[in-house]
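Read from first to last, the chains carry the letters A, B and C; within each, the first residue is number 1.
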Amino acid sequence: MKPWRQLGLAALAVAALSTPVQAADVVIGMRSEPSSIDPYFHNLGPNNAMLGQIFDRLTDWTPGMDKIIGRAAVSWKAINDTTWEYKLRKGIKFHDGSDLTVDDVIFSFERADAYEGGNSSFRTYTKGKTLKKVDDHTLHIITESPYPLMPNDTTTVMIMSSEAKGTGADGKNKGISAKDFNDGTAAVGSGPYKFVEWKKGDRIVLEKFDGYQGPLAQPWDKITFKFIKAEPARVAALLAGDVDMIDNVPTSDIERLKKEPKVSLSSGVSNRVIYLHLDQFRDTSPFVTTKDGKPLDKNPLKDPRVRKAISMMINRDAIVERVMEGVAIPAGQLLPDGFFGRSSKLKTEAYDPKGAKKLLAEAGWGDGFGLTIHGPNDRYVNDAKIAEAIGQMLSAQGIPTKVETMPKNVYFKRASKGAEGGLPEFSFVLVGWGSGTGESSSPLKSLLATHDPAKGMGASNRGRHSDPRVDDLLGQALATVDDDKRGALLAQTTDIAIGENQGIIPLHYQVNTWATRQGLKYNPRADERTVGIDLVPAN
Amino acid sequence: MTVAQENLEIVPRGADDAAKFEGVQTPFRRFLSDFCESKLAVLGFVVIVAITLVAIFAPVLAPTDPYDLATVSVLDGRLGPGEAMMSGVTAHLGTDGAGRDMVSAMIYGLRISLGVGIGSGVIAMLIGISVGLFSAYAGGRIDSVLMRVVDIQLSFPAILVALILLVTLGKGVDKTIIALVFVQWAYYARTIRGTALVERRREYIESAVCLGLSERRIIFRHLLPNCIAPMIVVGTMQVAHAISLEATLSFLGLGMPQTEPSLGRLISNGFEYIMSGKYWISVYPGIALLVTIVSINLVGDRLRDVLNPRLQK
Amino acid sequence: MSVFIIRRLLQAGLVVVVMSFIVFSGVFMVGDPVEILVSDDADQEERERIIQSMGLDKPFIVQYGLFVAKALQGDLGESFVFNEPALLLILDRMPATMELAVVALLIAVVFGIPLGVWAGLRPDSLASKSIMTGSILGFSLPTFWVGIMMILLFAVYLGWLPSTGRGDVQVILGMPISVLSWDGFSHILMPAVNLALFKLSLVIRLARAGTREVMHQDYIKFDRAKGLSDARIILIHVLKNIMIPVVTVLGLEFGGLVAFSVVTETVFAWPGMGKLLIDSIGQLDRPVIVAYLMIIVFLFVFINLIVDILYSLLDPRVRLQDVKA
């Protein structure tokens, strides 16, 4: 049959084409596409990862998030309680050849702070800070009260050229629209790679910047990012040789890829903890019932002993082993080993169904009750399966648990404010949290501090855990510049909020996995970012 | 447009031709022997009967209850075919990621797929018949407005309409059925209207009218029975279509919830394991789905040939 | 004639308006785009600001009114996610989808007609029965499942074709085209075949039915009696007769292909409108969802209008009937 012969020829031609043309070019298959090239449009993981290669930041994290390094800045220190001094690296050029000075930094912070029409701004990091130029390479950032997290905050805002679209542009967002960035006109940074093109839904292409000054490596001449959302399609693209690396390797394929000789895997623990929130503010909770599903006039979840018992019923090792295929680490608190502000006292809760039953009986709930666990099904690695596994474990221990999962676009609205009066709708939810600042103050502030929109505390506290001791200690920590003292305060806060109160039930820390073709390796990043500069030839 | 699609419609244009052939054979016998000429169609019919029985008696036949979370355990997850689960039951076709026995999950999944397909088909048929008959009987402006609505509805692809509905409605058996009814009713409505219009002009209806029979009696005793043949053909094809559509929607992440997987949902759950060599999680439900849909379509196809005598030699 | 066209135009306009309301209110009810877009670290004040900047704080009717007012000026709103006009985003993706649909249509016709005619000429041969059973498979196999199997077989197992994406394109008259280069062609082959399967079965069936009907007509018997060769009879009479229903149906089904490309594009990561729709649903990018649906509604209403007008030209009865109603 003729078509078949043609296909055979086609196969030869493809094989010829798919051999690497230039060793210094690389193609990366990614799950998530950035939403803009404008660095202040959307404070979102994929954007921050992609744009960090085009634009410098003052400071940045090492891949393991254990240390902050200088990018546009060479040094920084607090010169008094309310002033931080940054010294800029000399000789940094933008991609258009102009010099990077303090003026560009101030311009960038101003545009970020006043950004209009974006999806999620960087204002959280620019709020309450005044930038003052001392000279072309010295910058003072002044706050009203002592602010320890300054170096962390400056790992977020990217620096663009103030002359990106001519000088003295006025109007909304300094006269530069997101579209100007997306078509490349204004996408002028000073990072190791230059923006070439963005075909939406398909690819972004970056090219090495020869005049780059800074600590980052430039392992490739050209990096192409292809966006392949479907999990098996991404794996298939790697196996077929269409791409050199993929991110977010599905856990179900890890076992097989390990055996594949043409592929090597890199994985690293992330700053994201997967945990359970429990309704601690309603006297009768909508999804807590009797065992046969009738309404219950009391809310057992308000009792810390019940929360602790539920935690003990969860076989974290089984979840990690069977659901996550070994790529996760059982969690006992908010951040994994090596991160700042952890408690050294808290251990991962051991699986102890007997002890759990005893504790339940002590709390007066020896006969059990019914629950429904709600979770997203497209947000975290294997999220729906984790929810199902927890449903199984609690059901088997006398707390019959229904499982309801839904797409994130529906789930988060209901979990945050689905009930009357803008209250959280569910009683028992599965969520995850990645610490943006790299220390435990971020999850403590958002998840465990008393919900108070006016103060910006407890914004994602979907169980409404509330303890004045936690609020007080956290407040102190957030105003302590001295790292050792702050670390101790954060650890103490964690001990109370999780150890004593069981305000949330931590399940595991996510481990992210990248797969590369043989001969390459990826430096796994704790911030879950996929960037070309951390993809390097093996050895 | 109306004309173009009417060409494709299954209207028993030669209903009276069929009458000519009547002799020794009763119409049903004739139909039966015609139908049985195609061995594939007979095979399809047998398979459908078997599948339906399996679906009905799922709780008796399934080795385990895949929906009882207290007995399903992740520790049993992804066992290969023939391995034993912790409870001692052998998983002949393996287990899925959540530790459900595949045999049981497929039996129950079949139940849901068939239930959703047939359930939505029956509801859509009832709505379609009511609208179609009403439209044909009322005639005039009402008829033209109703048929315009039907035309417009039919001019939009089912997948798109169902997609939008499920995006707004969310997941669940009931919601999936609503969406599937919504995309199907118009097919029935137009088919039955076409048939009814043809039948209404026939002598036996006219004589019934002359005899002074009530309208209701005419519709239900005379008009409706004559519309059954095309309804059966459209119905079979639509049920197969609905099952396939439900699977597709589940694949796109809409449709059925994860804890009550239909066959389509099982395939899409297993899809993530397909590259890792755990073929059984998606391949077996895939085969079950294919066998179901192909059988229904084989029967439907034959029915169309048999009930549409113009194509007969 | 003009009365007929005006009536149909008015009806088409009404359909667009009604659909816009249904679509807008449907999409309006789902989820909260802010929760998806906002970063984890954002506080309440930040959330409020985004809600305001997107106009989500206004009541539904006001939002819909604003939408209609803008839509009348050709502006279907700005994407929440990309902050660019939704219409441009979609038009940007349209050529990819259109090319996929056209190639799929060609495949369906080029393979479907000969197979169907063959099956119609020799209805009792084994080949014919295989073709017909095969076409039932084509109807029955869910598109997504076939797509997955194709990727597994041709991209992963055999390594003949690239698994996903679009590949190189040539720009001809401002339209990016894949099929002109080998790289582009190898990328479009699998998705196009995948998308074509359903229509291929349809064409086979139409061609077979048409052929069988024609072959029983007296004039064919007459031609045979005259001693015309089979090839000539097929070319002249059969093809002419079956082309009318095939072309009509395919014209109507083209919109269906565009819509069904949602599934194929998702499986093969083809950067077209359908993939944009699924991505936008995931991110609750309401303006893009609404704009996509409005464009599709427009497309369908347009195709149907053209078909209606053509028919009324060909068959005056349709026109009269409509005016009477």
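The rule we apply is simple: a residue touches a chain if its C-beta (ideal position, glycine included) is under 8 Å from a C-beta of that chain, and two chains touch if they have at least 3 such contacts.
Remember, it's a predicted structure, so these values are computed and weren't measured experimentally.
Every chain gets a centre from its CA atoms, and the centre nearest the mean of all protein CA atoms is that of C.
Ranked by how far their CA centres sit from the centre of subunit A, the chains are topped by B.
Chains A-C form the pair with the most C-beta pairs in contact. Work out the mean CA point of subunit A and of subunit C, and you get 38 Å between them.
Annotation: 45 Å between the Cα-based centres of subunit A and subunit B. Rounded to a whole number, the gap between the C-alpha centres of subunit B and subunit C is 23 angstrom. Under the contact definition stated at the top, the residues of subunit C that touch 2 or more other chains are 30, 148, 152, 156, 266, 281-282. Taken residue by residue, subunit A touches two or more other chains at 232, 236, 239, 378, 407, 410, whereas all remaining positions touch fewer.
Multi-chain contact residues of subunit B, defined as those touching 2 or more other chains: 253, 271, 274-275. Subunit B meets subunit A in the complex at residues 68-75, 77-78, 97-99, 170-171, 253, 257-259, 271-278.
Partner subunit A is touched in their complex by these residues of subunit C: 30-33, 35-47, 49-50, 53, 80-84, 89, 92-93, 148, 151-152, 155-156, 158-166, 182-183, 186, 189, 266-269, 271-272, 275-276, 279, 281-284. Subunit C makes touch with subunit B in their complex at residues 11, 15, 23, 26-27, 29-30, 132-133, 136-137, 139-145, 148, 152, 156, 209, 212-213, 216, 245, 248-249, 252, 255-256, 259-260, 262-263, 266, 278, 281-282, 289, 293, 296-297, 300, 303-304, 307-308, 311, 315, 318, 322, 325.
Subunit A contributes residues 231-232, 235-236, 239, 250, 252-257, 318-319, 322-323, 377-378, 384-385, 388-389, 391-392, 395-396, 400-407, 410 to its touches with subunit B in the complex.
Of all residues in subunit A, only 7, 10-11, 13-15, 17-18, 33, 35-36, 38, 41-44, 116-121, 123-124, 178-179, 182, 199-203, 226-230, 232-233, 236-237, 239-242, 378, 407-410, 412-413, 416, 433-434, 436-437, 442, 446, 453-454, 456, 459-460 touch subunit C in the complex they form.
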